[in-house]
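Each of the two complexes below includes chain A, the first together with chain B, the second together with chain C.
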Partner chain A sequence: MGHGRYIAPPKGQYQVQSGEKLELQYVILPGESRDLEITVDLAGPGAQAQVKVLYLCRADEKVRIRVVMHHLAPECHSTQLINGIAGGQADVRFDGTIVVAPGAQKTEAYQENHNIVLTQEAKVVTKPQLEIYADDVKCSHGATVGQLNADELFYMRSRGIPESEARTLQMLSFLSPVIPAGREEEIESAVRSL
Partner chain B sequence: MDKLLEIRNLHARIGDKEILKGIDLDILPGQVHAVMGPNGAGKSTLSAVLTGRPDYEVTEGSILYKGQDLLALSPEERAWAGIFLSFQYPIEIPGVTITAFMKAAVNARLKAQGKPEMKTGDFLKLMKEKMALVQMKPEFSKREVNVGFSGGEKKRNEIFQMALLEPALSILDETDSGLDVDALKIVADGVNTLRSPEKSAIIITHYHKLLEYVQPDVVHVLKAGRIVKTGGRELIDAIETKGFDQF
Partner chain C sequence: MPQPDWAHLDMPEIDFQDIIYFAAPKKDKDRPKEIDPKLAETFDKLGIPLKERDVLAGVVAVDAVFDSVSVTTTFRKTLAEKGIIFCSFSEAVKDHPDLVRKYLATVVPSSDNYFAALNSAVFSDGSFCYIPKGVRCPMELSSYFRINARGTGQFERTLIVADEDSYVSYMEGCTAPMRDEQQLHAAVVEIIVEKGADVKYSTVQNWYPGDADGKGGILNLVTKRGICKGDGSHLSWTQVETGSAITWKYPSTILKGDYSSSEFYSVAVTNNHQQADTGTKMIHLGRGTKSRIVSKGISAGVSQNSYRGLVRMAKGAQNARNYSQCDSLLIGSRCGAHTFPDIQSQNPSATVEHEATTSKISEDQLFYCNQRGIGPEEAVGLIVNGYAREVLSRLPMEFAVEAQKLLQVSLEGSVG
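Up next, the complex of A and B:
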């Protein structure tokens, strides 16, 4: 159980104890259909976890992301941010569950999943769930599936940025909260390949 | 003198709604034109059509810019040709810094003109110089475009971009809305500094305040999709005292 950020294996079960912080970061690039299944148990008071996922897919690729965040002890903190872009006929599904056990008071748990579909044929299903059995908690989740913002695109083009370049910039802008430090160029070239 | 812009019988609509119903407008190099009118007159539609915003359809008429058919150009081609719009509501672009944004804009134009990209050092120096013009603090260069900016900061950012791109035709769409007097003066000073015998501007507003600081050569009153009156600065006073109903 590290304190640093690292690329974790696609299936994992993690126990985070009191005073520890787990940081998981996943990058799924085009060409690698992936099935992520992550379970985190926040087992000791004050334990913290952060999960970030970036996915990019195209053609007939499949991406499955499942995250179960168990708040088992009081005063634990968790954040999840899953942002991705689906092109081609890609098929994406996100299932995210936050479970707050009885007695896990003062829990703070946040989950966000934002998706952009580039084509009519790409498909994204997102299913965020909250199961809360304690009464003194702060929890929120948000999920969006949308297209590239037309106003942003026009703003950039009006400054002379060609449409294709503007779309790339927009996608990088959308992904920026989940791009790991040091991998900017790799992600940029993957975005250009969509 | 050759006209910079020549609008003839321009009709435009968005969806099924006809908004511009026959606009004629000529602009010479170096001229500043004010287009004034009540809400819903079609002022923003005019700026949208000039800059090629999708969703607006020109149904009749023509626009010549430097003698060429403007309506045949994409928004980015219009920018390369020297047209700039200061947005009424500047757009936020999270994750993209002002430096990255403007560098992409400047280099795209150079590339389109078949010229080499600007060196980063030269670009940063130019940026700093132009930011000073609208009193933007240097640290803004690292901020994400318009994210968390106040209304005044957003408008100053627009004028900074205008200064950097040095357009031949600037369109200022309600640039004065939401500005306090201090911000208004900074914006006006920026615009005045950029005036030259070659550069023209269209100032769209329903408010006389900016026009006290940036004095137009020609004033047009736009109402219900048509220019109903054209004159000099005396029109600004007439509007201020009696409103738009007199036209």
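Up next, the complex of A and C:
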């Protein structure tokens, strides 16, 4: 065993310098198998990054999402939000890592990954990881894997909304934080196809 | 079988030829009826002096494992009346071979992992506990492990079997006196929980962590696993880890029975050059199974503290539920705190939630305490105890007091 110390990950695709802000947004639609790899280096003090990913699967798609957020400089800010729905026999895997290098004080890094599994055959694996080598930081991550809320569904159905419509509404509201502006209709029709 | 290297640890090479695999106590021929003063001193350090233990005598039965042979087993008679078997492994093999044969290596097979294989090959003694059907164990069972011969690896085996509708609370305390070289401890703990039974397993581990320069200390490479075999069974793990140079330990539960449940509560403290990679595995197989994980890591000095956990919802885990919470507290700017959760879900009705935060003791909190006449060290102790309270409150009473003291001692000198 020999890697208990800080080892810097290889240089990222995106370098964000002081005063810059990086915003990344990905949409993975049904029928698309994707291997998404995003590595961001927050290299200058005060740099900011935001990563949003939305995925929808309905058949036998294989979706891999890897995000490495590397905080190299102090006072950087990063958020990650990855939401998606897995149906069919989809195989979804999320590997997210936040690395806070020694000396990157006053870092704020947040990572969230929420998944809904629709079918018995779909599989979701999520590995949200934190590696922190500085003490004055605010870091948190959250991950959930679950299903559509039965109480909400009941509420809508008792008010005359058909089940399929109610489910669509639930899924859209679940996805809404990661739906890019201007693509609402496209996402809605994709959700209806699930 | 190669030595695993996936852990977030900087492990020195272990010379397996240089380990004494069996060391009996010096006075093997005439086993002492009273525990010798040096051992009493160790108990003193643990916060449970012999005199106090006399007071507690009615409450705690101790199967003390010193070096590799059990020296003393107390309260066997009271337990025997209820049909409870609590003895050393060597006795269990002689007196209850059928039980040992039936359950040994059913949860942790010899091929499980590198260190479990080593243990399976060389283990010489340990503790065996069997609670018969419908019996509620009237006292806390306890076993103290202690490594005291120089260069002795300790390869203990613990096997706990709780038959249908029984209950037992088992405590394990560990301590090792100061030694220069690194000592290896590769134990295996197996717990079998039958239908409707309830097992509570608590550990306080304060082995020698090495000196301030990271010299010496124990390598604690342990495999602990329980199986909730029957419907409605329950297994609870509570651990307070303050010692050892390296801790590599993942008490796990296989939730096989329908509606069985398991909990994991952990506080891991690392200071100076200590390294800990610890966590749990919850494997949900049965319907309606529930698990809860609460892990609190505290790192100070130049130590590294990692949480590594697996939550797996298998296809048959209908309506299974898991909640995990892992918090890390950093003291000083040269230590590290890491979280490596792994969540796998193959069932649409299963719900898994994971949450982790990392923070430090804020200047405001310290200032508040200082202002009211509480010194910096004391203030840190106070804040840390509050932070770990959720876990400490799960420990049996005598252990909780001891654990609180340990937290304070382990963090001495970490405020600068």
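Here is the rule we use: the second predicted complex is superposed on the first by the 182 of 194 C-alpha atoms of A that agree within 3 Å, B and C clash if a C-alpha of one lies under 4 Å from a C-alpha of the other, contacts with A are read in each partner's own complex, and residues count from 1 in each chain.
Going forward, a residue touches a chain if its C-beta (ideal position, glycine included) is under 8 Å from a C-beta of that chain, and two chains touch if they have at least 3 such contacts.
Fair warning: this is a prediction, and the values are worked out from it, not measured in the lab.
Clash-free side-by-side placement of chain B and chain C is the outcome of superposition onto chain A.
Within the superposed three-chain model, A:14 lies out of touch with both chain B and chain C [touch as defined at top].
Once the two complexes are overlaid on the shared chain, A:26 sits clear of chain B and of chain C alike.
Of the two partner chains, chain B is the only one that A:154 touches; chain C does not reach it.
By the touch criterion defined above, A:102 lies against chain C but remains apart from chain B after alignment on the C-alpha atoms of chain A. Of the two partner chains placed by superposition, only chain B is touched by A:169; chain C is not.
Of the two partner chains, chain C is the only one that A:137 touches; chain B does not reach it. Between chain B and chain C, C contacts the larger number of chain A residues. Of all Cα pairs spanning chain B and chain C in the superposition, the closest are 13 Å apart. Listing the residues of chain B that touch chain A in their complex gives 51-55, 74-76, 78-80, 84-85, 87, 90-91, 93-96, 100-102, 104-106, 108-109, 112, 161, 165. For chain C in complex with chain A, the residues that touch the partner chain are 3-11, 275, 304, 313, 315, 328, 330-360.
On the side of chain A, the complex with chain C involves touching residues 1-6, 102-103, 105, 115, 117-120, 122-147. Here chain A touches chain B in the complex through residues 150-152, 154-163, 165, 169-170, 172-177, going by the rule given at the top.
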